[in-house]
Amino acid sequence: MSLLAVHDLAVARGGLRAVEGVSFTLQGGKALILRGPNGIGKTTLLRCVAGLQPPVAGRIEMAADAVAYAAHADGLKSALTVAENLRFWAQVFGGGDEDRALERMDLAALADRPALALSAGQKRRLGLARLLVSGRPLWVLDEPTVSLDAASVARFADMIRMHLSGGGAALMATHIDLGLDEAQVLDLTPYRATPGRVERPAGFNEAFA
Amino acid sequence: MSLLAVHDLAVARGGLRAVEGVSFTLQGGKALILRGPNGIGKTTLLRCVAGLQPPVAGRIEMAADAVAYAAHADGLKSALTVAENLRFWAQVFGGGDEDRALERMDLAALADRPALALSAGQKRRLGLARLLVSGRPLWVLDEPTVSLDAASVARFADMIRMHLSGGGAALMATHIDLGLDEAQVLDLTPYRATPGRVERPAGFNEAFA
Amino acid sequence: MIELGKYAGTVLAAYGVSILLLIGIVWQTLAANARARRELEKHEKHG
Amino acid sequence: MLALLKRDLTLATRAGGGFGLAVAFFLILCALVPFGVGPDSEALRPIAPGILWVGALLSSLLSLDRIFALDHEDGSLDLLATAPIPLEGVVAVKALAHWITTGLPLVVAAPVFGLLLHLPGGAVSWLILSLLIGTPALSMLGAFGAGVTVGLRRGGLLLSLLVLPLYIPTLIFGTEVTRRGAEAGDPFTPMLFLGGITAGVLALVPFAAAAALRVNLR
Amino acid sequence: MLALLKRDLTLATRAGGGFGLAVAFFLILCALVPFGVGPDSEALRPIAPGILWVGALLSSLLSLDRIFALDHEDGSLDLLATAPIPLEGVVAVKALAHWITTGLPLVVAAPVFGLLLHLPGGAVSWLILSLLIGTPALSMLGAFGAGVTVGLRRGGLLLSLLVLPLYIPTLIFGTEVTRRGAEAGDPFTPMLFLGGITAGVLALVPFAAAAALRVNLR
Amino acid sequence: MSIWEYANPVKFMRVSGAVLPWLVATAAICTTGGVAWGFLTPEDYRQGSTVKIVFLHVPAAMMAINIWVMMLVASLIWLIRRHHVSALAAKAAAPVGAVMTLIALATGAIWGQPMWGTWWEWDPRLTSFLILLLFYIGYIALWSSIEDADSAADLTGVLCLVGSVFALLSRYAVMFWNQGLHQGASLSVAEGERMSAVYRYPLYLSMLGFLLLFLALVLIRTRTEIRRRRLAALQAREMRG
């Protein structure tokens, strides 16, 4: 069975449709990369899939509690140390081995450093380590490699591969090359919503306009 | 004369030296890209050059009021529109033609949108447009192309080229390829500060250690 | 003119304040309505 | 949920976390009032219960925006919303953490401040009791206000504006308990009302707050 | 600098900007105190000047963290520090904008609140005058406190703690003016002190605040 | 056709546009008529000419409460059935309610000066009105500070719900806290104490006028809000497209 199935999805932001008619399924072991120019609606679509925002039309099918979401904001507390931050999320999601996650993201040396004293890339690595302890099969990632150097991007690609080989799946939006050649790519450009189609309103505003 | 000359610079963050012994000069018309793994001290060095933080050792020579700094935080007010945000910075820096800057960054269509309602890449473009209205010759940029799509990165490279051809200079830190082949690259890896060299303390903490 | 007696000031003040407030809200309502209609019409003509 | 409580308390005790600041604010307020009102103990005694309760309320108010705003800014709230904990539980835990870091210290410190304002000795135990029963309702109502305003840039003052009217019944019954305690009246009736309000608030408001949070997250 | 003032005022009047909220908070506080103290007008009259001044002070206090924190978070402050304006000028302009959005409305609204607390009619003009002279000092001192705490995550309560002691002289002389006005004493001496404090604060504090900001930026 | 059809904005605009001229005319007649008639009533033997204030004070006070109740109902309709017009009607009603509260407070305060010898007294009735004003202010402030229209409707709806419970609670708390000076309701009490007809009929007319005035204002303001939403949608679409 597929981990995630999206049927004819339309998402809206600020009362206007961003993309519409998007359909795809994601099996365990597969990764899908969303591409598209700035402002087309990648972030909005990912937030819908993560359940943070309702879609305007279409269906999203997946098991409950399957998603681990990671976006620009990493959910780190600057007063807590790296290890404490990670342990908290591990406890909340009830899963995962923190030490191995730290090891995998090359953060073991920084474990006792407060998150405040990390550089941009180190913070991002910690945010990604959180995925490892979430124990969730479906990863939804918004520009995951921002601020990462080349070595860390390679480490990230390894981590994704490991996750896929364990039966997980990943849905990502990015503008740059992740070095994940096996991933499928979905370009959202053709799905850009055509404004002014009153028969498919995004909400009250458009219905009336 | 060179716009910026850095001599044997050492910078520290959190009481520990990050990089040391860095020297370079930047003539008008040239661009320099800083590279190096996460956490080596690129951001710290750029903040020193921008005058936001004092260096621990070495000298930075440049004219007063020459720097325009742009980092992850774009200094945008979400309640103001794109045009209002830009106009404010144009007035503060006393320079520049806002409309042309909007045009150049492909923001003209969004001019009356509140900054709140921009996508990640659109925000970043607005942050870059600010450089154009600053009228400053030396641009100091920390990961300027984060969140930009391919077309916008090309537009950014054009903007830099234009700036250089007008006699300006640019100092940038980045992990990805900017498509600026004419820029020099300085890898900071060899300058990583060796910890425990007590004869050159970064401050009280290390002197005391 | 009607006779208000020793409480003339009180009564007139009460009527004055209330009528001012009523006129204020009515005026604001009408002005906002007219403005919204004007802008919408302008927009529909050009857009 | 326990992990969340533990994290919030740890954060509160870390540098810049604000533990104890509520008490300090309370102290300063109690110190300011005599400057404003005059040091006369005859003038202070009758207003002491009121000032103490208003002070407790304000110092609880001042730290309300910490309840959700920090977690919203750094993205933790998005993540908590996708976590396998009901959002109502998150609200309840956060209100509890807020009460432990601001309400509880006030309950403990109140007798001292009572002295500063010449509160009669017999009323001190009533003051403590009323604060103990009343302040949880303040924290929970505050969590509701914080949930409503969380998306707004610095909704601080707006938050106060929304929450203060909600505090009025608690304030009235709380001071009434203390005043009747001071004047040897019957403090049990207002105490009953106070307890009733707190119980109702604790039972129902988490749902309203979670609903508001969901709206703000989307 | 004018551009900065204009921007800050625009931001304050935009949605969520908080213009007028200070007055609303003041109103709420003046309404709360009688709930605490009791409805008796004999009890309220003598404490009215003190409560009004404490209220003005608190409502100015609550919006202090807006002065720099927002600009720090979104990076504007870094950029302003590299702009061709002296940081002292930035501080002064921001304090001015804060006063216009919080202090000035309070001065205008004070007479109404005086009524609620049974302030004698003759004292109202003194209240207004003392607020007019005193509140600019509150805004400027607040800017200093905000500058010192700007780097801290939600320094709100800490900020209150730092600033309140600095407010005490202004508070004392301000209430003294009002009280003497109410009781037909001599309000001119405290008025003189109040004016002196404000003048001194306005002349010197911008430098201290700018220095604190510079430290926090690095 | 069900009543919910009127919640369709297009239909609402049409129906309200047809009704409005009549409504505005009768509201204007009744309000000015009631107030003017009230102003011309003879003096009361106890209260002197101040009795004339009642024709402003009582209708405003009643409307202040009723408008909040109407907002509560509209919010519930929005939260349960998600009809946008009803959310916008709640938004439109709030400023009118706040003004009515202000009128009740102001006339009461001015009246209190000769009757009780004070502008303001912490009487339960008066105090509850002050609290009601606070709720109105908070509600309006919340509407105006949220950017996204649907979120604003949801959040203010929840606030209205919680606020109503607490407004009621405050009323009882305040009564517990202080015994009042204020008059009880005299329209409903036994025949003997009833207001004489000289005052009763102008009062009825004035109350009707205030009610119609409120309805007219709410209709107009709701229409304004609908137009604003439409304009915003058009502008947003243009920018995107």
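By letter and in written order, the chains are A, B, C, D, E and F; residue numbering begins at 1 in each of them.
Quick note on the criterion: a residue touches a chain if its C-beta (ideal position, glycine included) is under 8 Å from a C-beta of that chain, and two chains touch if they have at least 3 such contacts.
Chain by chain, the UniProt names read as follows: A, B = Heme ABC exporter ATP-binding protein CcmA; C = Heme exporter protein D; D, E = Heme exporter protein B; F = Heme exporter protein C.
Predicted model only: the values in this text are computed from it and were never measured.
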item	value
Steps needed, at fewest, to go from chain B to chain E via touching chains	1
Chain of greatest Cα-centre distance to chain F	B
Leading chain pair when contacts are tallied as C-beta pairs	D-E
Between chain B and chain D, centroid-to-centroid distance (C-alpha), Å	45
Chain D and chain F, separation of their C-alpha mean positions in angstrom	32
Between chain C and chain D, centroid-to-centroid distance (C-alpha), Å	41
Mean-CA-position distance for chain F and chain C (Å)	15
Two or more partner chains touched - positions in chain A	14, 72, 79
Where chain D touches two or more other chains at once, by residue number	16, 152-153, 155, 158, 161, 164-165, 168, 172, 218
Complex contacts: residues of chain E adjacent to chain D	16, 18, 21-22, 24-25, 28-29, 32-33, 35-38, 43, 46-47, 49-51, 53-54, 57-58, 62-63, 65-66, 69-70, 152-158, 160-161, 164-165, 168, 171-172, 175, 179
Residue ranges of chain C in contact with chain F within the complex	2-8, 10-11, 13-15, 17-19, 21-22, 24-26, 28-30, 32-33, 36-37, 39-40, 43-44, 47
Contact footprint of chain C on chain F as seen in their complex	31, 35, 39-40, 43, 48-50, 52-53, 56-57, 60, 95-96, 99, 102-103, 106-107, 110-111, 113-114, 213, 217, 220-221, 223-224, 227-228, 230-231, 234-235, 238
Sites on chain B touched by chain E in the complex	47, 50-54, 65, 67-69, 71-77, 79-80, 84, 88-89, 91-94, 130
Interface residues, chain F side, partner chain A - complex	9-10, 84, 148-150, 226, 229-230, 232-234, 236-237, 240-241
